[in-house]
Structure formats: structure tokens, C-alpha cells
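Chains here go by letter, A, B, C and D, matching the order in which they are written, and residues are numbered from 1 within each.
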Amino acid sequence: SSLLCLDDVEDAATHAMAADLRDFVAGGAGTETTLRANRTALERVRLVPRVLNDVSACSTETTVLGTSTTMPVLVAPMAYQRLAHPEGERALAAACAGAGVIYVASMLSSSTFVDITATGASTWCQLYWLRDRGQMTNLLRRAESAGCRAVVLTVDVPRMGRRLRDIRSGFTLPAGISAVNLSGDVGVHDGSDSESAFMAHTRLTFDPSLSWSDLDWLRQRTSLPIVVKGVLHPDDAQRAAELGVDALIVSNHGGRQLDGAVSSAEALPAVREVVGDRCEVLMDSGIRSGSDVVKAIALGASSVLIGRPAWWGLALAGQAGAARVLELIRQETEDAVALAGCRGIADVRSSVRALPAAESWSW
Amino acid sequence: SSLLCLDDVEDAATHAMAADLRDFVAGGAGTETTLRANRTALERVRLVPRVLNDVSACSTETTVLGTSTTMPVLVAPMAYQRLAHPEGERALAAACAGAGVIYVASMLSSSTFVDITATGASTWCQLYWLRDRGQMTNLLRRAESAGCRAVVLTVDVPRMGRRLRDIRSGFTLPAGISAVNLSGDVGVHDGSDSESAFMAHTRLTFDPSLSWSDLDWLRQRTSLPIVVKGVLHPDDAQRAAELGVDALIVSNHGGRQLDGAVSSAEALPAVREVVGDRCEVLMDSGIRSGSDVVKAIALGASSVLIGRPAWWGLALAGQAGAARVLELIRQETEDAVALAGCRGIADVRSSVRALPAAESWSW
Amino acid sequence: SSLLCLDDVEDAATHAMAADLRDFVAGGAGTETTLRANRTALERVRLVPRVLNDVSACSTETTVLGTSTTMPVLVAPMAYQRLAHPEGERALAAACAGAGVIYVASMLSSSTFVDITATGASTWCQLYWLRDRGQMTNLLRRAESAGCRAVVLTVDVPRMGRRLRDIRSGFTLPAGISAVNLSGDVGVHDGSDSESAFMAHTRLTFDPSLSWSDLDWLRQRTSLPIVVKGVLHPDDAQRAAELGVDALIVSNHGGRQLDGAVSSAEALPAVREVVGDRCEVLMDSGIRSGSDVVKAIALGASSVLIGRPAWWGLALAGQAGAARVLELIRQETEDAVALAGCRGIADVRSSVRALPAAESWSW
Amino acid sequence: SSLLCLDDVEDAATHAMAADLRDFVAGGAGTETTLRANRTALERVRLVPRVLNDVSACSTETTVLGTSTTMPVLVAPMAYQRLAHPEGERALAAACAGAGVIYVASMLSSSTFVDITATGASTWCQLYWLRDRGQMTNLLRRAESAGCRAVVLTVDVPRMGRRLRDIRSGFTLPAGISAVNLSGDVGVHDGSDSESAFMAHTRLTFDPSLSWSDLDWLRQRTSLPIVVKGVLHPDDAQRAAELGVDALIVSNHGGRQLDGAVSSAEALPAVREVVGDRCEVLMDSGIRSGSDVVKAIALGASSVLIGRPAWWGLALAGQAGAARVLELIRQETEDAVALAGCRGIADVRSSVRALPAAESWSW
């Protein structure tokens, strides 16, 4: 295979997708400053590796909320994966099952949770906060009965970011692809010349009143672990930890929400510092290689999530393509762990230094 | 509309204006280092947004010197707006009236203050310090009787910056466009091969002796609030605050005066720090999006002003074009406020962090 | 000659080598971030030279582990030099002999240690840690009996870095070139579409269990000075110094191992600080001029090694080409020493400041 | 005139000179890192201007070693100015006389000191340290009797920097141009393929043993003020101040000597700090505008020197061209002083802040 790194996969996938879909996936909000910052921040982090540590039994295994995984990498929730491939979520979840990593199913999945968990993947279910609270209860019930093991509440979408590419391309869901886990007719929304179809949908169905007190509501309705996705400010991390959430995901939604937001890699250390060991701190946005995984761990992440890279694999060759992406990043991560002189993820945490980008700051 | 962000408006307006006018508007002084720095400084600021705060009633409203406005954005004073469009100041002021924002009329307006305030816009009147003190008295009287609500004294033009583009293009006022609020014949000045017509005019009519004591003169002649425009050094901000000015505008005149001057975004935090709550601290130079507005607020600004973007809208389609610009930046600001997890401008001030560009310094 | 600096030599050599060999030499691991960082870090270091110091007898001479050399530059160990030129190691070692600098023979030399030392070069022998401990004993015996003066243990290759260029090109050893100092048939390994031939070879024959305790094994089997190559973390440097190694080489293997690792120039000061005078601290990766040599010395290096530049000379014109490279860098170093106001290397250490790149950090 | 800034003059002059001469003037040592750093350091400095200070009588006048000058700018010593224009030094000195600034005559002037001072220019005489001490005595006597007012001892040329452009072009002095102030036949030296004619000349005639004690020799032989040119390290500045030199010039010789040396703008503040008011601290290397002059003053310089810009003017149009350059930079400086809210150079020193490039360091 000539797909030797995730950049190769991106290049190939870019040619395989129609222009509007490609832009939907690649794009960020506004001028895409944060989208770019996610990459440059990670590129500027420098690892100080260790040597003379027996790495003959080097492993990338870890646990995420008690579940054993083959590496500290999960697949991030992404909506409507049948846009990428006819098999959609099932193909990507199956690849996760094969690779031994956790699959996070989007609330806006175009396959049912049951079909997804049927692949054998250890699955989490991501929720946005909907105006229709009955939908939320239904979603929780469905996710639980399908066997999802955690609920991820995405908190950075009180409204959708201004993704100009989608407005320009007029991108909208094709017939036959919909959010099949939502009950009833959720309606199809039309875009306008200043709003994409997705923005309209979000505006009409998402509940912007989501606040700290709603975490209680959620806690009362499910016994699954609760993960809060989209935290960047240490004060919010502090409060979430105090409230006993099981994990945080430091994320700027891949640069798709607040343009100008700090990169996840820069926000991570301060979040880990206030949180300490009170809960797991996951991170996403911009991870593109095993070296990035090791950098994130050394900066304080428990594990990371990858979004677009998994989509590229899926778009390119369905389950096999996604499997290739997961195998690539696992191999790269193992190589990086070993070359950093570590026997495993715990060693990275305790002994490798990640020098933050000099362009970063002190709180 | 395909004008989805201010960059789109700039591109379109750039094609709509003659080359010399385009350069007059776009240009800065000297090698345009400060012009560029205004943008790069803002791009490097990183916002640390909040989450889980009910933003269902998110608003961009605020007050500026006691006047309610729909957003913390004013239109900066710009001379001779009939260069951009036949309706000139009246069209831009009318757009401000419609948008509920303050219009700052330049002393060098090509429409009368009365015509401007007749649009219903909440109007401030900007003054340069003229050698002819009688003109100053007249201007104040006219501004007051037309209903202007504040006087903005621009203090960064003891002489005009070396704007090479205007010298090269030989740019000069066409017949029929003049500073109609000045009494008598202010004269038309010719440029030379080392001085533009505007530089000559400034040299001959502006008074470079303007100093702190002149603020008294002004205070005695008007009861309107006094705003000092063009402050960058914290020692000057400190003194102005002590003298009881109502507001400061941290500004480098859009990069058009001292080439090499610090960007406004970099100067802002130190100014706010010394001033505290003694007066409002406005800021301009380089604001190009709602994210920039939120960044400026988080760095300490009470509100911001936009110069060129308003001009582009005006040049493109008169009142409608200017209205489009104002609506765009209002929408972007609202989106940024909500996506930063804030219910309004006060929330941004109190809870969002803006990490200064790492390339910045400590005083 | 039109070869006035090492960049000239690189350009010329680049045209003289076949594409796959050129890539094998030039390439780094992964996305080559560390490869680039080696150069940018050195470029950003700024020297603060001295003046009014009599430099009429300016000399670049120094000692390395007690051996007098004409300059603080050694030739780094590089495998299979007959790939570059039919005379391979013998030509490069002969050039070192002529130039009065130390030649470090790779374990994977394609000429025998005896042939190498026969050139008269002061020779060190570099070892990787092999699974076959008998080979190690043999290598030590051969190196010692050939007259090698130190053993360099490379510790940053528990496995080979992911050098994508070699996988893409399918690069492999041509018939007739092999690691002639290894006893028996070490086997030829085939690459695959996800592993180069060299990666396979390394995986099968190198021992990834190498750890601190193995230094004892080595110490017991040779009385030669022991040099540990590939240290970047100050804690490892500290431990090595405590164990009494004779010298360290701060190195990231020319960017060929852990992609994302810190540049050697950035890692050097912290290593020197913990080590103090307990052992020599050499450095390599990215040295391309006499100014770089002086920068490294001022940052704390005892001496530096050059890898690729020596290869370029060899590829271009055998012994004469290598001699030209060594003469160039010696002349440049002498010029830099004199222009820094120093009489010699000791002066550089004691009186020249090297301001680290601002993009660097504090530990 | 279309020459509105020094970049314009550079462009025009670049076309007016033969390629080898252009390269001789423009070039720096080695990879020209320091040459570029001189510009980028100045570009990154940010001025924090003052306002509301009466600048109606704004002046750029100052004194340099007691001599009144129209601005804090001198013309730096540059060899063989008849290469640029048949009138050479006389034209440039005449322009200085006209502009009211000090002309520093190079030891290697191609016109006699008497011819130079006859222009009426306030003239300093620059010396390199020659092996032939008799020449030094002669030069001092000639300079004094011609009326030179200070002696500038250049201390950063114990040997010439490796200026590769000159080696490549084979640049050498044409017949008829020579160092006419040196007595006897100083000889013409041939370049080789690794040394330019100028490098050979320097090697053979300059004395690299120049050291602190030689300042005594000089002091005993002249009563003129002594200026030491080429200091970058604060320890050297400290020692020079203790020895009572009248002025220092912080300079890296326009990037022509040690490649990798710190830029003058970065070195300046530390030098001023140790020197305090004990002597004047001049600065050169990279000054290209009035904003740069004001930046240098605000960073601690007493005055600055310009090298290449003066040459460009001379090459372009002899005395008139040089006069144009001096008038341009004077006008720019006056504009920058006024726009920084200063009445003069003393105000700049006391009240304007120059924020150092963030990429700089602390000692």
C-alpha cells in the first residue's frame, strides 16, 4: 500500500469525495484560524525522549474509562457517516471492533445504534442537547439498550459555527441519509444564502439553553459514565471535575465551532493541571500521527480521539480503509512510544517531556 | 448573497473602486509594517471559550457612553465618504441608524452634520485640531446643533503619516467633494512628487501644537462627552483618565500614521490595566470579524470601531452595502459570543480569556 | 572550486546520487519535523562575539577524549559507505586521517575495521545492540584489535524510525555491499510495502531490550572509553554521567528516529547543565557550517559530529571530496572562532554567548 | 521623484550597478543569516508612541560627540567609493556637508582625506589595524591634518568574513581605484577560488593581533576622540567604557563579518544598559527608514549610521543621489519623531517605548 501516513490517506480521500462533501469534512468555522492552529500547535510541540529503557515488550495498550483498548485512540463522533460510504457507521464501527478501539457514535448517525453495536465495537453514544427533551430520553434508552457504554455530551454546539464552505457549496443531506436514531420526523431543513442546511437544522432543533444544571438531568436518566466533550477553559474543567463527570474531552470540535478558539494542544496542559487525577482527560482536534498521540499524552491527555482521519479511511475504502487508518496510527504510536524509550503509555506519561510550543503562554 | 465574511466584501469592493481610491483606503504609512501588524496580532490572539452556560437569550447589545447599541461596534470616522458612493456619509449613517450602532462623523465629512444626523443615526463628531481656532468653535457649534452626542478628538495626526501610495498615484479630491462642515474656503491643496494633496492639506491646516492643555479649551467649549482617539501608550492613557475624558480609543489610525507603531491589539491590555474602570476604552485598527470583536472585548475593550470594512460596504452598494457589513459583523459577533459560552458582552468581559500573541511582551 | 560552503556540496552531491540513495541519505522519520527542526533551531541561535582579543594565533585545535584533533568536529558513524563511493569507508577515513579528525566507523560499515584504521585515521567504533550477543563480543574484539580508540553505543535505535522515503523507493542494499564486520551470514532482509529492507533488518537483528544495565556488560568486555550516542533528556544524561560514561552524544540521529523529537541544539544546554564537567558532551544533527560548530560549542558542546555533509563529499569525489568538506568546515570554523574574537575553542566556551532561539523553552 | 523610500533607492541602484559590484555591496558573510537578521529584528520592534505633546517645533537635531548634526544619522565608513561613482567619497561627503551630517571616511577611501574634508563635511576617519604600524601613524597624521574630528577604530575585522558572493564573482578592484591614503605601494592582491581579492588583501595587511592594549597605543598617538566600531557583547562594551573610549558603535558590519552574529538591534539594549551614560552608543546594520532610526534611539542608541543606503544614492546619481537619500531619511525621521509625539530626539529617548522583538531574549 502507498498509504504510509495519514497525509497519504487524506490526499487519496480528497480525490475520492465530491467537492462539497470534501469541503464539509475538511472545513472549519469562519476564517479557519483555529483549524490551522490545531495543526501548528501540535507541530511545534517537541518531545524529549528517553533511552536505555528495555522496550522489547513495548505496548500501546491502555484503558479508557475501564475498557481495555489497543491504543489511547478513539474514533470521534461524526454525523452521517453514510455520506462517506454506503456502509457508513457500520463499516467504521466494524473497523474499530477489529482494531480494538472505542467507537463514539454520533447522535446524528445515519445507522442505528443497534446496527453499530452489532459490529462488536465497544461503543459510546454522543448526544447534542435537543429542544425536544423526549428525544433525549428516547436516545438514552436506545443507546443503553443497544449496549453503548458511555454517554458523550457535546457542549460546544449551542449553535453551529459559521462554516462558510457549506453555505457556499449549498451542501445538504441527500435523500436516504438521515439521523435514524431520532424518533419521528425530525424534518429536513433548507439552507439559505447565509445559512447552510446544517446550520438551520441545528438552530431549530438544538437547545442553546444547555447549562451546568442539565448535567443533573442527564445523570438522573442514565447510569452510564458521562463524558463532557468540548471543554477548553480550566475553570470549566474544574467545575466538571467537581461535579463528578467521568471524563472530559478537550476539544474545539476540529476547528468547526468558535473561530479564534485556542488549539486543543495548547489548552490541554492547563486543563490537566486543574483536573489532576479526578477524571480522565481526553483530547481531540488535529491529531494526525502517532507522534501527535505521544505528544498529547505527554501534555496530559489520557487518550485522544481522531475525527477526519477516520472519515478519510471510510470514504476511501469502507471498513478496510478505516482499518488501514487505525492500523497505521497504532503502528506509528507504537513506534513513537518505543522510540521515546517507553514500554507503554504509562511510561510516556511519567517520563517523557513535551515542550510546549514557544508561542504558547502561561496562565 | 455571496458576501459571507468581511474578506468577501473587501474582495468585491476592491474591484468596484478605481485603483487610486482603492489604494487611498487600503494603504498605510511607510512600509506598512503597522498595517500588517494590526492583522497578525489579532490573528494570534487565542480565545479560551466557556461552556454549559445557557445562551438561549444571547445578545450582543451593550452601551457606549450611555447610549444603547445593538453591538459593541461603532463605525470609525472616515473622511470624504462621497468618494466611495454618491450618497456618502448619509448612506453610511443611515445604515448605522438601521443597524442600531453609533456613527462617528469625520470632521472631513463630505456631507453636513445635519444631513448625517437626519438619518436618525446616533452620531458622534470627530475633530482634528485646526490652526484656525475659529473653525473649531464653529465645528463644535454645528455638531452640537445637529445633535451629535460626543466629540472625538483625534490626537495621532499632528501631521499626516507618509502614505506612499497616495503620493505615487497622485490621489486628490475630485471636484465637488469637499469638507462641507468647515466654514469658508478651506482651500484645495496640490500634492507634489514627495507629498500627496492630503499631506499638504494637513500640513497647512492642522495644528501640530495640540497638547494636553488644549483638552481644557475643548472642555470649556462643549458639554458633550469627550473621546480621545489615537492613544497607545499607557502613560498617556493614565493621564487622560486622570483628566476625566469620557473614553479613549486605542488606535494607530489603521496603520496610516506612525509606521512601526505597535498594533492596537497588543497595546490594548496595558491601556486597560492602567485605566481600570475610570473611562471606557474603545479600540480600532484591524477588526475584521466577530471573533476579532470578541477578542478585543476579552483583551479589555469596551467596544470597537471598524473603519475600512464600512467603507467597502458603502463603496459596493451604498446604504445597503454598509447595512450588509454591519449585519454580517453583528451576526458573527453574536455567534462568537454564544460559541464562547456567553450570554452577552458582559459575560465575555468577565469569563473569557484571550491569550495574547506569544510574540507579545510584558511591560 | 565552486564548492564554497556545505550547501554547495549538498547541491552537487544531490545530482551525483541516484534518487533512492539520495532519499535514503537526506530523509528523516515520519513527516520529517525533527529533520527540519535541527536546521531551524541552529539558524535561530545568535552568537554574541567578542572583540579586541589578539587572534593572530587563532586555532581550532582541541582534544576529544584525550586525542588531539585539528577541530572540534568528528565524522559521525554512517552505515554502508560503499553506497556512496566504491572506496567507501576507506576513502572517508583516509580523508579524516589527512584532516586530523576522528572517524567514527559504523557497526554497519561496508569495509573492515582493519581497512579503516589502516588509513591512519584515529577511529572510534560505533555499535548497535544486537540480539546475538556473540556478535557483540566479536565486534568488540575486532574493533579493539584493529586499533579503534573508543566504543560508541547508539541508544536511540531500539527499532528503526519510520523513514517513509525508503519504503516508497523500495531502497535496499545492492549485491556486494554488506556489513562486513559482522561474523557469519547476517542475512539479507526484504522490505515490504509497509517496511523498508533496513527496517526489517533492524527489527530482526537489533535488540530492543537494551537498557542501563547493559552498559555494565559492555564495560566488562572492553577497556575502551564508552560513548553513549542519542541522548536528549537531561535525566538520562545525568544517569549516564553518574555511571561514568566517557562522553555523551546529544543527537536525534539526524531526524531519522523519533519524528517530533526536540532538535539537538535545543536539547544541548540542559544536558550540559546537568552533566557539568563530568564527561564530554558531543552533539550532532544539523551541523552545516563553521558558525554552527561555534554555536554548538557556545551552547555547551565539547565537539560536534557531521553526518550527511561527509557523505556528500564522499559521494561527490571519494577521498578528495570528503577532504574538501573537512577542509571547508575547518576553515569556516577557524574564521568563525577568529571573528568571534577567540583564540581557540576554549575561548569560545568561556566568553562567547549563544542566545538560544526564542522559540525555545526553560526546563 | 519616484524615490519615496530607501527601498525605492535600492531598487533603482540595483539596476544601475554591474552585477559583481551590486553583490559586493549587498552581500554578507556565509549564508547571510546575520544580514537578514538585521532587518527582521528591526521590523519586529514595535514603537509605543506618545500623544498630546506640542510637536509644532519638532526637530531631528542632535549632537554627536559634541558636533551638532541635523539628525541622529551618520554615514558609515565604506571602502573605495569611487567604485560607485567617479566622484566617489567627495560626492558622498559633499552630500553630508549639505545635509549637515557627519561623514565617516573609510581608511580604504579612494579619495584623499584632504579632498574629503575640503567638501566641508564634518569628517571622522575610520581605521583598520594594519600590520605596518608606520602606516597607522601616517594615517593618523593625515587624518588629523586634513581636519578629521574623530578616529573610528573598527575592531570586528581581525580577518575578513567569508563573503561568498565576491569569491564567486571574482570581484576585484579595477585599475585606477586604490586606497590612496595609505603610503607607498600597498600592493594589489589576487583572489583565488577560495578567497576573494579583498580577503587576500585583508589577510596580508590587517593585523589580527589587535587587542585592548592597542587602544593605549592609539590614545598616545592622537588627541582626537576615539570611537570603537563593531562591539556587540556587553562585557566588551563595559570594558571599553571603563577605558574611556568616547563612543561605541554596536555593529555587525552590516552582516559582512561573523555569519550567525546577533543583529545590532537585539544587541543594543544590553550594551546601553551596561554603558549607561559613560559614552555615546552609536549603532548600525540594517537601518532603512526614519522609523528604524526612532526604533534604534528608543532601544538606546545615541545616533545611528547608514551604510548601503548611502552607497545606493551615490551609485544612482553621485552627490545628488546621496543628498536625496539623506533628505529622505531626515524627512522620515522627522515624521516619525513627530508622529511618536516627540519634539526631538531627547523626547524619543525619555518617553517612547520600543518593545523588543518577542523572539529576543533576556541576558
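Worth pointing out:
Everything that follows uses one rule, which is that contacts are C-beta pairs under 8 Å (C-beta built on N, C-alpha and C of every residue); 3 or more make two chains touch, one makes a residue touch a chain.
All values reported here derive from a predicted model rather than from experimental measurement.
Averaging C-alpha coordinates per chain and comparing to subunit A, the farthest chain turns out to be D. In a homomeric contact, the two copies may use the same or different surfaces; for subunit A and subunit C, under half of the interface residue numbers are shared, pointing to different surfaces.
Separating the CA-averaged centres of subunit A and subunit D is a span of 58 Å. One inter-chain figure worth recording: subunit A and subunit B are separated by 41 Å, centre to centre, where each centre is the mean of the chain's CA atoms.
Multi-chain contact residues of subunit D, defined as those touching 2 or more other chains: 357-359. Chain contacts in this assembly form a single closed ring in which each chain touches exactly two others. Remark: the chains found to touch one another pair up as A-B, A-C, B-D, C-D.
Residues of subunit C that touch subunit A in their complex: 29-31, 33, 37, 155-156, 158-159, 161-162, 164, 167-168, 193-194, 207-212, 214-215, 228, 230-233, 235-236, 239-240, 257-263, 266-267, 357-361. Across the complex, subunit D is touched by residues 1-2, 4-5, 7, 43-56, 58, 289, 291-292, 294-295, 331-332, 335-336, 338-341, 351-353, 355-359 of subunit C.
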